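One structure follows; several queries about it will come next.
Labels for the chains are A, B, C, D and E, by order of writing; each one numbers its residues from 1.
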């Protein structure tokens, strides 16, 4: 709660910068348009105007400033344009309509959640393997790192085609790509977490002659919970990015990714920007949800104080 | 006296292999501990007290020598759940309540639910923590946490209690109080206790046998059988006998240091 | 055929696994050599399985080429791969990484002067980091053109937030006692920064730098999908897919993975030198 | 099954593919007893790859890309050619000083890759203009799938389709007077676009051939319906657009332009068009698309059966 | 006696605001410390010893009352670098060698390179750590680390030395040794020392003035001026005078506990 004012301040500063940037960013297009509409613009040919920076052009044509904020295809839309577009596509549309961002959000979210589930389970299993098996410990990690340096956008179409060739289509291929991005933070975090019990905590169980599975359930797993949540928060936003990436090569049918692509391809920047922001808001909400779960769980487990 | 020997160590040697070369932690350590003994280990930092305690508990394996516990190897004794071990720090699991922490060994050893509850209540009572069952460790002071860890070691009624500086972090008054309680418990239950401490008065006050150790390499320099009676009020510490034993321990320690 | 393929692959797996288990639990397991050997054997096992499966199941080369074919391509296309590497990694990713890193570091130091700014920047930074690259990349290409400048910008933005967030968190990761010690010396802001907070923040900063290496490479490559000159790893990948030259695609992927892992390794190595004192770096 | 057909498009749902959506919507496929699934494409989808993987039975593709796939060892065969004319062109700013192809040297030109660069490279090779940049060559950009490089003046010319990108440039407020365009058709380097392709091995199966015959017949019926009812066809496309981002005006205009390209075709491939495409590609510059005259790259058995 | 008052506390009050409500850590604390005094603070855990020491060092601000150090506010005295402070834990910076840690305050205060080297060598010698200059903290035992932190506080010759349980983690022999050395240093340099401890003998052995505190809320219950001479061999601890003072301290402590 103490963060609300600072966050609002930062957001305010960013909005201000954004608004200021809109003017020079859109000035060339605005000047071209103004000239076509018969206004006097200086200098008076588009080619000559290319010689000026957006800023310089603004100084020579201050009268055009207001027009930069209402371009139909701006280079940089103004915040209110994005807000209006989001209002129109989130609030004013029936959520079952394909013009509604809520609908597209759900399409992306379902792949995200499925992928996140797969990625998290895989990540936890790998982490358990790494912690309990020395050979796995030594062999898997470098390859897990390497796997994350592969550009997913290059891999995604192949995954889709390969899964398509064995008859798997729809949600699942997207979820696989999303899982590919989210398993890594979970592995890293869980390995750390499962290894977090100190020598004394482990020795205590040895004095009881506890079995390895008792050691897992009663010590390593609970001790790893804070690490797990930290990884889940990174993993869920990675999952979302994965689902969005996967929406391009699955035929760009629906979802935030499809909106971004189509908005870009058909010269509708507002569609792209609205989808971008909706995606970031979704990510923030998911992360927020996990933070909440984290707080509740850790409090119930007695691992945070008060 | 036909006392039953519980722990029998003969010529123990233990060397740790480290990056900086080997560390000779225990050298030619021989000791007999009888049933019902209260044995204190005292010595400068790094002399191998913890290491020896861990050997007895089967948590560390000597590189040479013989060590039997109840006539078996420490490993087997551990499997038979012969030990209650209290570590230097409380080491409670932060995600378990005090009750949950004390219950942990009982769960692992498969006691019935009813028995678990009954034992938890009993040992918490014993260490004066009745009513704190539902609290989490961080809601308790350091002293209370340490008492909870003692309760945890007592819960399953192991014959041998090994305690590694259990009262190191407590202030003198609380410490006195816990010393008294520990003596009472020991008198009542006839457990065999191994106890590490840095405090000479504590060692003298509690023990039937004081083992003085010296470092580099860790070995036993003196074993003092205490002539004090089993019944020990706190002011026994002002008696001449007490002060004499304390002197002998201090001299032993200083000899180890000055070498 | 299918069964032969699957059983053979499992056989290869079993052999690799057997060797690794022996090595990992053997007496030499903590030597440097074995620690390098085990992951290599693991990788070779995977490659052999891949080769075997592709051959036995007769997977079409336009879907998944065999490692041997990819290897051949790697050998043949040296100059072109190098040109792509230069364009994407050296001009795009490295420039962006350095600019983004310095900017993040500077902002972190500035923000750190005020609790208020820090409180505001961390959540907003988290939000910005969640902007998916497939959305931001086309925007930067639109703004900065097709050449490496737009790629560097995408990379800069991608690495900015992890480094920022980690640095800010790191600068705050001093104990009360460590700070109070400085206060008893009457030390001002700068000595405290240089002698306490920065050294203490190093493990966090390197965490951010390591995450950022993989992001930088991915960012530079993916951004080329949305417009590029006729050279670059992303350009080559996307056009080669169109030409069904999957061996070339995989050759580029291999280069990307090697470059990414080496950068990561380099960062981890520097981290080891700089934060040698941190418990996680000690044996 | 013997009545199931999956069609892989080469781009997202738009009026470029109206014929197929119309045939689906108007029940032409159903009338042929077919159950057709249409898979939209996207910037990362290579339809030949999907075909090779068995993810689709037929695909739409540009002939240069399909012939290249043949040379890569993926034997795809043209079974029908609903598009007669090429809609591909370069759109340039007039004020960049370009009046003819001779003015290209020194300029920056946006080109689509992904198999679509071949006609451009052939053309430049024929004109003797290097594509490696410099004073007397052109600088080639791999163009994303929008018209921003032109509008932002990062390129002097970009690739456009008559039916889509060119309209977008106009939508951005640019008047045709400010532009100069070069149709590939007019430059003699037109290659065949949007043909229907299937795998050679499948065509040995009479059941598959029969399916394709019905498919092509119904599809052509769809195309003709779309040509006659452009507004309704655009509406059908809009209904099938799952992104919900397409606008009616753009699709109606696109349908109008598409109709011009399909107008001259009844679905059968004209061997002369094919030969011109192959010649253009074989004339290609340093990096030829195809190195030898293809054999068996098209067949008329389907259209012969479908159109009689 | 015309002794110079260094620290003057009058009616100090300090309340911490926490989630669980306010904690009254200090209540109506008044104390005078003269130049050259060795003042020990003793009292049960949580009675506010650390808090009071921190107030004196200007690390915590009292909510009410007056506190001056050398006639100025503690803040100003801190800026004038009047304090050497030894924390309860060693708190060495792990990225610096032992020498580097000791050098830290000297760098900050702008001593010349030559002087830095000279002083580091001297104070390390003083705490018996010559030769360990190049080692990193984690390569030393806990006791050695604590000694290094004492060296660090001594390096820049502050007039006032505040030490918060500096010997808590050490064994008795080492502790005795350091106690002796601290007394020598104090006698030689005429520093004013504030010293927190849990050990009654330690407090009595070292101090000219023993402040007994009691908790909830933290306040001073007794101030004992020691009649012991400045010259104190270790065996002064067996003298009747010593034992009497120790008794008085213990009684004071117990009273605080039993409330």
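As a working rule, a residue touches a chain if its C-beta (ideal position, glycine included) is under 8 Å from a C-beta of that chain, and two chains touch if they have at least 3 such contacts.
Given the structure is predicted, the values throughout are model-derived calculations rather than measurements.
Colleague: Can you name the chains that touch subunit C as well as subunit D?
Modeller: Touching subunit C as well as subunit D, we find A.
Colleague: Can you tell me which chain pair comes out on top for contact count?
Modeller: The chain pair sharing the largest number of C-beta contacts is A-C.
Colleague: Taking the mean of the CA coordinates per chain, how far is subunit C from subunit E in Å?
Modeller: Computed from C-alpha means, the inter-chain centre distance equals 50 Å.
Colleague: Would you kindly tell me how far, in whole Å, the mean C-alpha position of subunit C lies from that of subunit A?
Modeller: 18
Colleague: So the centre of each chain is just the mean of its C-alpha atoms; given that, what is the distance between subunit A and subunit B in Å?
Modeller: Taking the average C-alpha coordinate of subunit A and of subunit B, the gap between them is 54 Å.
Colleague: Distance from the CA centroid of subunit A to that of subunit D, rounded to the nearest Å?
Modeller: Those two chain centres are 34 Å apart.
Colleague: Spell out, as numbers or ranges, the residues of subunit D touching 2 or more other chains.
Modeller: Each of 43-44, 46, 49, 53, 144, 146, 148, 152 in subunit D touches at least two other chains.
Colleague: Where in subunit B do residues touch two or more of the other chains?
Modeller: Counting only residues that touch two or more other chains, subunit B contributes none.
Colleague: Going by the touch rule set out above, which residues of subunit A reach two or more other chains?
Modeller: 75, 153, 157, 161-162, 165, 248, 261, 264
Colleague: Of all residues in subunit B, which touch subunit A in the complex?
Modeller: 54, 57-59, 78-79, 81, 83-85, 87-89, 91, 93-97, 104-105, 107-109, 136-139, 156
Colleague: For subunit C, which residues count as touching subunit E in their complex?
Modeller: On the subunit C side, the touching residues are 175, 177-178, 180-187, 191, 195-196, 199-200, 202, 275, 277-279, 282.
Colleague: Please output the residues of subunit D touching subunit C within their complex, sorted ascending.
Modeller: By the definition above, subunit D touches subunit C via 43-44, 46, 48-49, 52-53, 65, 68-69, 72-74, 113-117, 131, 139-144, 146, 148-149, 152, 154.
Colleague: Show me the residue ranges of subunit A that touch subunit D in the complex, using the header's touch definition.
Modeller: Checking each residue of subunit A against subunit D gives 28-29, 32-33, 36, 45-47, 50, 72-73, 75, 97-100, 103-104, 153, 156-157, 160-162, 164-165, 169, 248-254, 258-259, 261-268, 271.
Colleague: In the complex, go through subunit D and note every residue touching subunit A.
Modeller: 12-13, 39-46, 49-50, 53-55, 93, 95-96, 144-148, 151-153, 168, 171-175, 241-247, 250
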